[in-house]
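Got some structures for you, see below.
Look at the two complexes coming up: chain A is in both, with chain B in one and chain C in the other.
Up next, the complex of A and B:
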């Protein structure tokens, strides 16, 4: 892409990333959550891919790291769900009698395992969408 | 011939769905008051008890991650499978690498 697009992308990508992180972090307070915020941050990654090109993306994209992060996101989700395994699967023990994440409803450190799950799902969606789009972009054979 | 039967059956299904969607016979659109309590008692429960039972102010997140957490696990699994399938199918062919 041209110089104007690259400079604008350099300014906009951090803003999109911060806004997506805000959506993920405040998933239990405001509309949005893991899936929506993860897709927003993945939009920043796709803007990087489109603006700076495939060669630059290949330098910064590590396939093994992204695959591992997607798995870790899923495992963190399952681990948060198993925290209250003494009572039931998906028992929100951090909210009922946990040491943290049990503040007043409406504050950031409330709602038990919901922030942990939002972070896990956001990480999973971001890495997954970026990996898929990079795999599609690397597929460069127009005729067979 | 086969295509005619297919279009006719599509037309029939559309007619049945339109009949069901008629407020005089089937679905109720925008229930309020007594109809709300009779038809949407689950939503009523979530709205009234969600904040104390789960702690999040966002009722949608409360339902999606706590009350119906299994559904979200399935959704995450679907996403994982879709990404894995896309990446596995888009890998270069073996004869291209040589």
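Up next, the complex of A and C:
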């Protein structure tokens, strides 16, 4: 892409990333959540891919790291769901008995395991979408 | 052990295995294979414990998020998992065949690349099927159905350097997505009309106020689920998907996916949700008509195939016809002894066919792996060089035809008997189907025992990881064949009784509220 696109991408990518992180972190307070925020951050990654091209992406993208992070996102979700196994699967024990994330409803540190799950889903969606799009961009050639 | 405590681990263990696979994969090939075997083995242990617990204590209800499914209201607000004996049989079947298919893959898939994804997907496929078998929530059911379907689309097209893998994958994906969207539409209609997604509470609401919407939704469910089970007018994806998929996957597709996603779901929806709210006789006859077409078309098409796996795929369609026939008669003769026997035969045959078709598909995989061809014309004389494999195939083929000392006999007998009592024409159709089926398998066996072809002379029996699952399945078929009526009386008939007892299913969740 041209100079203008690259320069504006440099300016915009951090903004998209921060906005996506905001959506993920406030999933339990405002519209949006893990999936929406994760997809927004993945949009930043895709803008990077489109603006700077495949060679630049190849330098910054590590397949093993991204698939491991995707797995960790899933494991964190599962771990949060298992915190309250003493009562039931998905029992929100952080909200009912603490020690943290049990603040006043409407504040950032409330809603028990929901913020953790939003972060986990956000991580999974971001890494998954970026990996998928990069894999498609890397796909061999036009002809066979 | 208390079934209530172990039920969530049926989902947790495969999820944990699938999510940690990308990390375990970093440790190398051996770690990844060991991990897949450990995870599916642990799932098998949990599945058997759960089956035993349900068989001992009856229906098991588990609520996600709290102790009770009811909130401060007097209706269920949470997702419930509800396992009756039929569900528990399915859980046992899925975990057993899933474990054997993973062990088999160690040898069978070793020349392929991208195996971390393969093992993740196969565990996810198993997870989706287990979820369908245990869930008591309609939307939860849809989610697990999609998990299962999407994993199987990806696995059918796993060998994406072959043209047929891609072709079958695309066909299966397009058709399957449309079928899934039918089911989603049906769920949306029911939710709009009745405002609940819990199966048991929905059954209550339906009985109080049967509407046209409910019937439209039922039609959509039947259409979508017949697609998934490969019933006849819509079986074409199956005949392409099974030959193209790796053999360990076609064992799971033929043995499990079409039964969990099709037969089990259909039975659950018809018996446990719709129960007495619609005319069981009408619905039963609709299923019977599809069953008869499926029986004849599937088995007759199996006779003319030259491709070994395609023959097995059509034979799966034919056997689904028997199961649907049992289910249809079970509905049309609801409450009578004939209906009960037919339904018991259907459940029994579901389990038996999972074992036999998994065995036959795995053997087809061995033949392809050793000889590199699926063409029956080139496979003559296999009995000389691969005696163990051929002998196992002989057991599988005899069982699927329904020879008396093997397990296929009892289940087919129950279906024949009840269909002949219910309506002699249906009995005659079932016999004609079996005649075709016999012709198809005799043809394969005749080839195997013929004069050895040059290509076959170099073949050998496979290595241990591929041979052992085959031996275990063959032994299971023989052992189950020795106690057919005990199994039928102790497991299958109680499963039907539990299935027909809709009130027990409802009150297990609502608890008298």
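In the analysis below, the second predicted complex is superposed on the first by the 143 of 144 C-alpha atoms of A that agree within 3 Å, B and C clash if a C-alpha of one lies under 4 Å from a C-alpha of the other, contacts with A are read in each partner's own complex, and residues count from 1 in each chain.
In this section, contacts are C-beta pairs under 8 Å (C-beta built on N, C-alpha and C of every residue); 3 or more make two chains touch, one makes a residue touch a chain.
In this text, all values refer to a predicted model and were calculated from it rather than measured experimentally.
Student: Should the pairing of chain B and chain C on chain A count as a clash or a fit in the superposition?
Tutor: Result for chain B and chain C: fit.
Student: In the three-chain superposition, say which chain, chain B or chain C, touches more residues of chain A.
Tutor: B
Student: So, A:75: does it touch chain B (first), chain C (second), both, or neither?
Tutor: Second partner only.
Student: Is A:117 touching anything from chain B or chain C once the two structures are fitted on A? First, second, both or neither.
Tutor: first
Student: Roughly how many degrees, to the nearest 10, is the angle at chain A when you join its Cα centre to the Cα centres of chain B and chain C?
Tutor: That angle rounds to 40 degrees.
Student: Which partner does A:31 contact after superposing on A: first (chain B), second (chain C), both, neither?
Tutor: first
Student: Let me test your reading of the model: by the given contact rule, A:132 touches which partner, first (chain B), second (chain C), both or neither?
Tutor: In the superposed model, A:132 contacts chain B only, not chain C.
Student: Figure out whether A:85 sits in contact with chain B (first) or chain C (second), or with both, or with neither.
Tutor: A:85 contacts chain C only, not chain B.
Student: When the two complexes are placed on top of each other via chain A, what is the minimal CA separation of chain B and chain C in Å?
Tutor: 5
Student: In the superposed view, which residues of chain A touch chain B and also chain C?
Tutor: Chain A residues touching both partners: 70, 74, 78, 89-90, 92.
Student: Provide the residue numbers of chain A that touch chain B in the complex, in ascending order.
Tutor: It is residues 27-31, 33, 35, 70, 74, 77-78, 81, 89-90, 92, 95, 102, 105-106, 110-114, 117-118, 121, 124-125, 128-129, 131-132, 135-136, 138-139, 141 of chain A that touch chain B.
Student: Can you list the residues on chain C that touch chain A in the complex?
Tutor: Residues 8, 11-12, 15-16, 18-23, 25-26, 62-67, 116.
Student: Would you pull the chain A residues touching chain C in the complex into a rising list?
Tutor: Its residues touching chain C are 64, 67-68, 70-72, 74-75, 78, 82, 85, 87-92.
Student: Which of the residues in chain B end up touching chain A in this complex?
Tutor: The touching residues are 51-58, 60-62, 64-66, 69-70, 72-73, 75-77, 79-80, 82-83, 86-87, 90-91, 96.
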